[in-house]
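Got a structure here, written out as structure tokens. Questions coming.
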Amino acid sequence: MSVDFSRYKNDFPILKRKVRGGNTLIYLDSGATSQKPEIVIEAEANFYRTKNAAVHRGAHLVAEEASEVYEGARENVARFIGAKSDEVIFTKSATESLNLIAYSLGNPESKFHLNSGDEIVVSEMEHHANLIPWQQLAKRVGAKLTWFKITDEGRLDLSDIDKLINKKTKIVAITHQSNVLGTIVPLAQITKAAHAVGAVVVLDACQSVPHFAVDVKKLEVDFLAFSGHKVLGPTGIGVLWGKAELLDQLEPGLFGGSMVDSVSMQGATWAKAPRKFEAGVPNMAQAVGLSAAVDYISEIGMDKVAQHEHDLTKQLISGLQNISGVQVIGPVDMKDRGGVVSFTVDGVHPHDVGQYLDQFGIAVRTGHHCAWPLMRRLNLVGTTRASFHLYNDESEVKVLLNTVSKIKDYFKVSK
Amino acid sequence: MSVDFSRYKNDFPILKRKVRGGNTLIYLDSGATSQKPEIVIEAEANFYRTKNAAVHRGAHLVAEEASEVYEGARENVARFIGAKSDEVIFTKSATESLNLIAYSLGNPESKFHLNSGDEIVVSEMEHHANLIPWQQLAKRVGAKLTWFKITDEGRLDLSDIDKLINKKTKIVAITHQSNVLGTIVPLAQITKAAHAVGAVVVLDACQSVPHFAVDVKKLEVDFLAFSGHKVLGPTGIGVLWGKAELLDQLEPGLFGGSMVDSVSMQGATWAKAPRKFEAGVPNMAQAVGLSAAVDYISEIGMDKVAQHEHDLTKQLISGLQNISGVQVIGPVDMKDRGGVVSFTVDGVHPHDVGQYLDQFGIAVRTGHHCAWPLMRRLNLVGTTRASFHLYNDESEVKVLLNTVSKIKDYFKVSK
Amino acid sequence: MELDSLYQEVILDHYRSPHHKGLSADKDIQVHHNNPSCGDEITLNLIMDGMLVKDISWDGVGCSISMASASVMSDLLIAKRYEEATKILGAFIELMQSKGQSQGDEVMLEDGVAFAGVSKFPARIKCALLGWMAFKDAATQVIK
Amino acid sequence: MELDSLYQEVILDHYRSPHHKGLSADKDIQVHHNNPSCGDEITLNLIMDGMLVKDISWDGVGCSISMASASVMSDLLIAKRYEEATKILGAFIELMQSKGQSQGDEVMLEDGVAFAGVSKFPARIKCALLGWMAFKDAATQVIK
């Protein structure tokens, strides 16, 4: 059987707090941001208490030590996703990662870049962070944005993949797992089609890296982005991973100190990756915190985390299916499906559903989840979303199900 | 007389640590990054322990509380610089702030934007972060970059201001205080000339906001950038301030969640500032930490901090002038001059000077300080730089002076 | 429980049977407002007769608070003079910002006092204000 | 004191009177390397005679460690066969990465062992390697 996860809960100070109605917090909003174990909080704090100095710049001991732990964090995060150290770029968030790569790919000085008439492929279930940067890039260079549709069950519709990914395609930007539906996309088919036409694949791994083992070597994508704050790490840190050969060909998107090879008033040349992409004094304490998070979760084991969340998801979906007037939005079979469960309650607006749950200490997210086009496609004004991480447990799912079953009565909506 | 600053030192845990040679750290590298009082470290940690949730998104109590403290931090930082709350944008660093505004001003969809043939004025003493983004912007839109020269004493040379700032000028981007020379620029003359031709002024306030009172209303600049980590705050947080009327006219530079008014597959429209410029889950804990830093330093009083650093600077400059073979680089009179002191030791490379000081626990910075063009202008390979913050004291300056006076002997350089 | 102070019976009634919902054929102006963080949307038609609010009609999707509030707003402001409507609007905004400290003026706000509890739920205040802000925007445009 | 292990007498001597400094008129190749974080720069001329390192000359600005190391490197590698030079380079890099645990092979590295102390100062390792990396780059380009 799987590990007993109950002992991990204690590591997360916030999970002890009381919220509305005097209830202990039942945090089911990890899809938005995860909670942090004390060991991560302390790693960040202790960086400030003992090693804080500007990395790569100082001639003094503390600066040396700061550089050591910062670069150590990079190696550690690289190991976590099966990457080489020099391929890992620290950003402030997945959003920044995706925007940066879009700027780089749009820069005519990059050896690999977009031209007018080229095509960018996304999907109907992208988070705004993996949609709008590409809309903007398309607009800037005169490229065309096209997209995969989704099926009624909330799977990616690959039926027109051969038309969508064609000779004009330069970029395919796709989510690894939908933050609304929980759908995990069939990546192998997509990377194969993209590479066959010489396009690069950018993976939005915000909802995958925190929840199951991701190895960039096996995925065969070209770029990957995720946020530290969803993988038990601090806010203010994200990762952009890219294949070394490609990073080498790209102009950076952010300019300033520590990323140059030489500078005159007229112009500048760049250092090598990852330095080239990290302008300015970096978010050092946050990198150190993320490194601690990655250690913490690796110690437990990503496969076990995935299994644990799988079990909870299964329990939740079958429970919801048994409540009348409740619709699960997204795949209900567990194949290629992660721990994000959207649902609606007939006659009750998601915002009101969320408010009701909040009264019982249950924290969920409601609304369009930054995936507005997907909501339109599904003809929904929004959903209520429960999402898991390793600190959740069966009893919390039971409380959620029990509370959901009473919502229609409270709002006096007829059966 | 001024306040007794000795009691503040205790608030900074890192200043108790021992470094090379068993010496207690004498931290004179605040120009690179400042140290953080325990109250700031705890503010960030306690956010994670009690209020961590995605702001502006959740339907639950913790998300409400997170939004409250995040927006509270914005109000607090706004008050600190005399701004309106909606004019303060949280970024990851000054570098990001400056790059973002350069992207916005280069976007043809912005109501105020650069065209081919327009001119951007900077200065020879800019930090790379306030130089390269403008070089890149000029390249992107076909604008021309011009610059203020500096005098031999390291002051801004305004003699050709009427030529430099002309009808073609759209942007004047200038540092408030040089991070190498300590020079404070004569801002009023520049803003007057810029506004007379309809140009906007972007102020790099990295070295001013942390050290003396800055009120954006009085400065009459249009945009201002600074980093949290230099003002006793966390890493991973910066501020971009802009006049409301201007922010209103600008397209954002970073695209994703929480910054939209509506989104379809074809395109998106934006929320109002500051939201428009803050895509993604923000660096919430860092904003809260910065807010605590601003409280801490305001409590002491910026004028007192400035006076304290002024006294130390004066002591250091006159001491250095008394050591044979030591050159102070930058103004030696104290008018319009901040607490950053660069110097050289004849016959000893700055890197070796820094290494020698490090042996005695003294942390300084050496090299070009991300101001390479300035070094070329001054015909220097680099300098050694001591820079102050409120936790420094007279005795530390004495140790520095005493140690500097022995360097030439150690390296056996003839007098 | 605390929640009952938010979801007053009056509010749920208005939510289930909203007044003045359904856009009029005629209008002086139409405005569209939304709440991007939760996706609530409202379209509002306004007809003024000089300084008199002659008709308000609206359509929209949103939570119980936003829809009920639009319903109550229409009831309250139709047939009022602009000046009076502005006063009522001001009183409603004040109630929303009262952090649970005010009961609201029942003479002026009528069913609107049912929203007093919203002021204790900061994330919901913008829901309650959605329709009111649409009216304010529309009226300002017609008047000036 | 600890610092003396970094600034050995031999290093300071090379720094004050560097060998093979001043670029030769002839060259098979010229390379320019720098260290952007501290601004150290070196230009290096290399002349090969088949697989024999016939001459190295260089010019540059930088700290004592980088300049002395370029001086020692030239002394060591001139008149060596490429294969032998590569071995010496390897031994020097290994010494730099030894974190203070190695003394260096005095037969092979001669004055180069004076740099053993650098390995305890991580920020200075790139200074000590600047000239060596320039040589490696130059030689690789000529050979292939």
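Order of writing sets the chain letters: A, B, C and D. Residues in each chain are counted from 1.
Basically, a contact is a pair of C-beta atoms (placed from the backbone, for glycine too) under 8 Å apart; a residue touches a chain by one contact, two chains touch by 3 or more.
Here the structure is a predicted model, which is why all the values come from computation and not from measurement.
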item: Between chain A and chain B, centroid-to-centroid distance (C-alpha), Å; value: 31
item: Geometric centre distance via CA averages, chain D-chain C, whole Å; value: 77
item: Separation of mean Cα positions, chain D and chain A [Å, integer]; value: 46
item: Chain B-chain D separation of Cα centroids, rounded to whole Å; value: 37
item: Overlap residues in chain B, where contacts from two or more other chains coincide; value: 20, 57-59, 63, 258, 260, 262, 350-351, 355, 366-367, 372
item: Numbers and ranges of chain C residues touching at least 2 other chains; value: 37-38, 121
item: Arrangement of touching chains [line / ring / star / complete / other]; value: other
item: Inter-chain touch pairs (all); value: A-B, A-C, A-D, B-C, B-D
item: Touching residues on chain C, where the partner in the complex is chain B; value: 34, 36-38, 121-123
item: Chain C-facing residues of chain B, complex; value: 56-59, 63-64, 67-68, 258, 260-262, 271
item: Complex interface listing, chain B residues touching chain D; value: 20-21, 348-352, 355-356, 359, 366-368, 372, 375, 381-382, 410-412
item: Residues of chain C defined as touching chain A within the complex; value: 1-3, 6-7, 12, 16, 37-40, 61-65, 121, 124, 127
item: Touching residues on chain B, where the partner in the complex is chain A; value: 13-14, 17, 19-20, 25, 27, 29, 32-33, 35-36, 38, 40-42, 44-45, 48-54, 57-63, 91-96, 98-99, 103, 124, 127-129, 131-133, 135-136, 145, 147, 227, 229, 234-237, 253-258, 260, 262-268, 279-286, 350-351, 354-355, 357-358, 362-367, 370, 372-373, 376
